[in-house]
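Note that the chains are named A, B, C and D in the order they appear, and that numbering of residues resets to 1 at the start of each chain.
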Amino acid sequence: MANFGGHAIPGSFFLLYGFWLTVKNILQHFWRTRLAKKQNNMPHLFKRMDYIEGGFKIFASFVGIMVEQFVVDGPHAHLFDKENNSWVKLMNWQHSTMYLFFGISGITLLASTTSKLVPAGVDRFGLSLALFVEGFLFYYHVHSRPLLDAHIHTLLLFPVFGGSVSTMMEVFIKENIILELLKACLFILQGSWFYQIGFVLYPLNGSEWDLTLHENVMFVTMCFCWHLTMALLLVACTSTVAWFMATRFSKREWDIEIGMQKTSSQTSSQKALLEESDEE
Amino acid sequence: MANFGGHAIPGSFFLLYGFWLTVKNILQHFWRTRLAKKQNNMPHLFKRMDYIEGGFKIFASFVGIMVEQFVVDGPHAHLFDKENNSWVKLMNWQHSTMYLFFGISGITLLASTTSKLVPAGVDRFGLSLALFVEGFLFYYHVHSRPLLDAHIHTLLLFPVFGGSVSTMMEVFIKENIILELLKACLFILQGSWFYQIGFVLYPLNGSEWDLTLHENVMFVTMCFCWHLTMALLLVACTSTVAWFMATRFSKREWDIEIGMQKTSSQTSSQKALLEESDEE
Amino acid sequence: MANFGGHAIPGSFFLLYGFWLTVKNILQHFWRTRLAKKQNNMPHLFKRMDYIEGGFKIFASFVGIMVEQFVVDGPHAHLFDKENNSWVKLMNWQHSTMYLFFGISGITLLASTTSKLVPAGVDRFGLSLALFVEGFLFYYHVHSRPLLDAHIHTLLLFPVFGGSVSTMMEVFIKENIILELLKACLFILQGSWFYQIGFVLYPLNGSEWDLTLHENVMFVTMCFCWHLTMALLLVACTSTVAWFMATRFSKREWDIEIGMQKTSSQTSSQKALLEESDEE
Amino acid sequence: MANFGGHAIPGSFFLLYGFWLTVKNILQHFWRTRLAKKQNNMPHLFKRMDYIEGGFKIFASFVGIMVEQFVVDGPHAHLFDKENNSWVKLMNWQHSTMYLFFGISGITLLASTTSKLVPAGVDRFGLSLALFVEGFLFYYHVHSRPLLDAHIHTLLLFPVFGGSVSTMMEVFIKENIILELLKACLFILQGSWFYQIGFVLYPLNGSEWDLTLHENVMFVTMCFCWHLTMALLLVACTSTVAWFMATRFSKREWDIEIGMQKTSSQTSSQKALLEESDEE
């Protein structure tokens, strides 16, 4: 999908997924550090969030594959054209393959949430693999393009492979909030960089970029760092908000509990009073 | 062995080894998580499996080296031809070297199974080394070939070096089922990719591939991801089947035990009854 | 800032920061190994040192950005010149971006010192990121320069990326004095190498270096190792001095304490004597 | 020292150092697994071995530097020739720098053996650094040489950087016998490969190798794997011999102890008999 929309759609998904991961991981971290001693069972909320995430991934991948295949100028599930002796729309097939692996990561998430037999960490392994395959296909995708086009796609490999490595590390180093937020941050960075690629290669205002100018390469490199700053800022803000919401919510629950105890003790003391008055 | 068979034979071995590793590791994982508390001693089955695996590796490597050396157009153990002042059949010598290291990995497995003096992890170190040497020789093997030929062999390096790294990690992170199944998966991937190389370079139906076409490179890259999907699926299915077989088998054993206890208690109660009736 | 001063200023900062880190980490190590059992609370000194370090980083980054922007031949906060259709002073913008990330690392240090909610290790993650971005921008900075210029900047990437990796490892492996001193050593190396770059590219005595001579590249490579030797020696000496100062200081404190106890016991024995004499 | 001897001398040192490391580490492993519970203090033998190793490294490095500097065609401590405006014998200076870092590694070993203040692991860090610097200088050393010369030196980087990485891992993963023997094995490999380089570049029998032939490159690559096999075999044999020597020696000590106990009990029983006979 070589147009602005074709970069904005995956970009939006990655951006939203980054925010989702931030909120999910902060809530889990809050529960681990604050509530795990009081409540032994992990709350149902986390299971439900994982079901939603896994289900959504599978659904979105399926839709993505279908769109790539059956869009007007798509391959319509034909791989090889025997008449012309050539492959049919390999770009769409490559995108379908990428989506497939995000679908597989959704399946691993569902499996590890549902069954205790599936070893812990399989969900993160699935996500790491999906990012690896994305980076792997992009890497061999970039060859023989103009300078700026190749460079801007190469920079995309940093959040993709970085995310793959950090997610793989989560398989071994569990419940480390820095790794979890780093993953979220790299997804946000990836999402915003997809938008940037769209803006550079398919500019909306019409003024095209010179794809061979070294100055443009230098600017784009620096711009990538600014996106990273933004991603860090967004993760920091979202985390803070999510943490204070969690604190407030769990306090209110606490207050309600205490309030109920108070009420019950009041009623019991009232009862006692009544009984006392009866005895008089 | 530059023909289809020369790629299908190692491919088949790697495929079978991947399945063997899946079953072995799942059985060990089952024992670790379910039975290790009840039975203190590791069952003899695992020792016997390791003896079989080690012995087979040594035997197969020996046969492999012999075939490479004494096949009709082989070097017949001659390394340097003084008359022509040139090396004799270096390709066969390289393959022999690869087999040699798989033989060494077999020896380390036998050694660490037999003796408690050999430090735990030496077997995995040996396997990691064998994969490293395989990748090392392939890496310098690939130079100055046509585009597609070089590319398809380069892709082989992913499962080979990936397997070497993950097996090396097993030396330090022990009894991690994800690492163990990853290793098995990468062996299956390697095996199926050997077949793919055979199909592309020595097509059975006769229609040759254009080894310089960029489109073919793109397809092959994507095809590698599909092989990975298949490998993941095969490991997942084999694991599930092996796990349920293990559950069932251990249950039946359990039932037999309980049944025997029941029988014995029945007979003892019958005896008691008889005795009681005797006393009457 | 393409002159000697432009390399000497960052060089001095990195050199001083390396010494500061050495002293700070040795003091912390001294406290961990000697005093942690006696005193439960971490002394206020360490908190104050972190506040000073964080505050200074933010201040220095702010000044650095302002100078890069509003120096006479700077971009004055203009990014794109619409008249000439070109970017304005991208080099200054790149340096500003580097400073920005050191500022962010200062913010993370302040945040993790102030609040217990910020997960431990965020400060080191921030510093690792700042070094990564510095190396990242330098890496794409170096293209298409003369041989020696490119080589001498490439060598700078060793302490930069080395420092980034070692600081990232500190996020996971905490309170390891070797890692901490390695980080300090790499900062000193980076600082002294900035000076070396200044001396080679903008020689003070006027005799210019031939930037294309292979011999010069060979010398510079070796010279880098000598700088490493010096950095190791400086860290070793500073550590020794800091350790003995800490031992002495903590002994004196101890002596004072004992002295005070003595005095108080003397006074109490004197009191007892007086009381005794009273009783007489 | 561009002749056979110039490669054989460092080769011999590395070979011997590999054997020394094997024996030392096996003895330490024997003590850790067998005797550490009975004896609390580490035997003096290990301290003495470390003193010898450290002292020898410092001495050998010093001699090496002196020889490189003051050999007949050496630089005689002159670095820059102002008359010809050129560097003096940079190759010798580079070798001196390499020796310097092995000297530093000797100093770190002595320091960490002598004083408990020096953090554990500094000795391994020093050795890792020495190997890193050796590899670093070799890497930039190899440029613009004929094919086979460059290739055979590049292969040297595998044991050098491999040793550096595995020694660095020992800083964090302590008392792991596999890592320790891997380090020893890589030193033996490095030593024997130095000999191989000597044989190829300065053949003793006079028949020179064609440095541009691809076949030779292929053979040399394979030959490297054979050296690895030999190194593994040598480490395995040396380990086995050292282990059984240690077992025997410690048994004999045990027997002597038991013997002494026996003797003493015999004498005491004899005494008792005598006393009994006296009483009769």
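Everything below uses one rule, namely that a residue touches a chain if its C-beta (ideal position, glycine included) is under 8 Å from a C-beta of that chain, and two chains touch if they have at least 3 such contacts.
Given the structure is predicted, the values throughout are model-derived calculations rather than measurements.
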| item | value |
| --- | --- |
| For subunit A and subunit C, chains touching each | none |
| Proportion of interface numbers common to subunit C and subunit D (over half same, under half different) | different |
| Superposition rotation for subunit A onto subunit B, Cα-based, multiple of 5° | 90 |
| Farthest chain (mean CA position) relative to subunit A | D |
| Subunit B-subunit D separation of Cα centroids, rounded to whole Å | 34 |
| Separation of subunit A from subunit D, taking each centre as the mean of its C-alpha atoms, in whole Å | 49 |
| All touching chain pairs, where touch follows the definition stated at the start | A-B, A-C, B-D, C-D |
| Sites on subunit A touched by subunit C in the complex | 29, 173, 176-178, 182, 214-219, 221-222, 225-226, 228-229, 232, 243 |
| Interfacial residue positions of subunit C with respect to subunit A in the complex | 86-87, 90, 93-94, 97, 100-101, 104, 117, 119, 121-122, 125, 129, 133, 136-137, 140-141, 143-144, 171-172 |
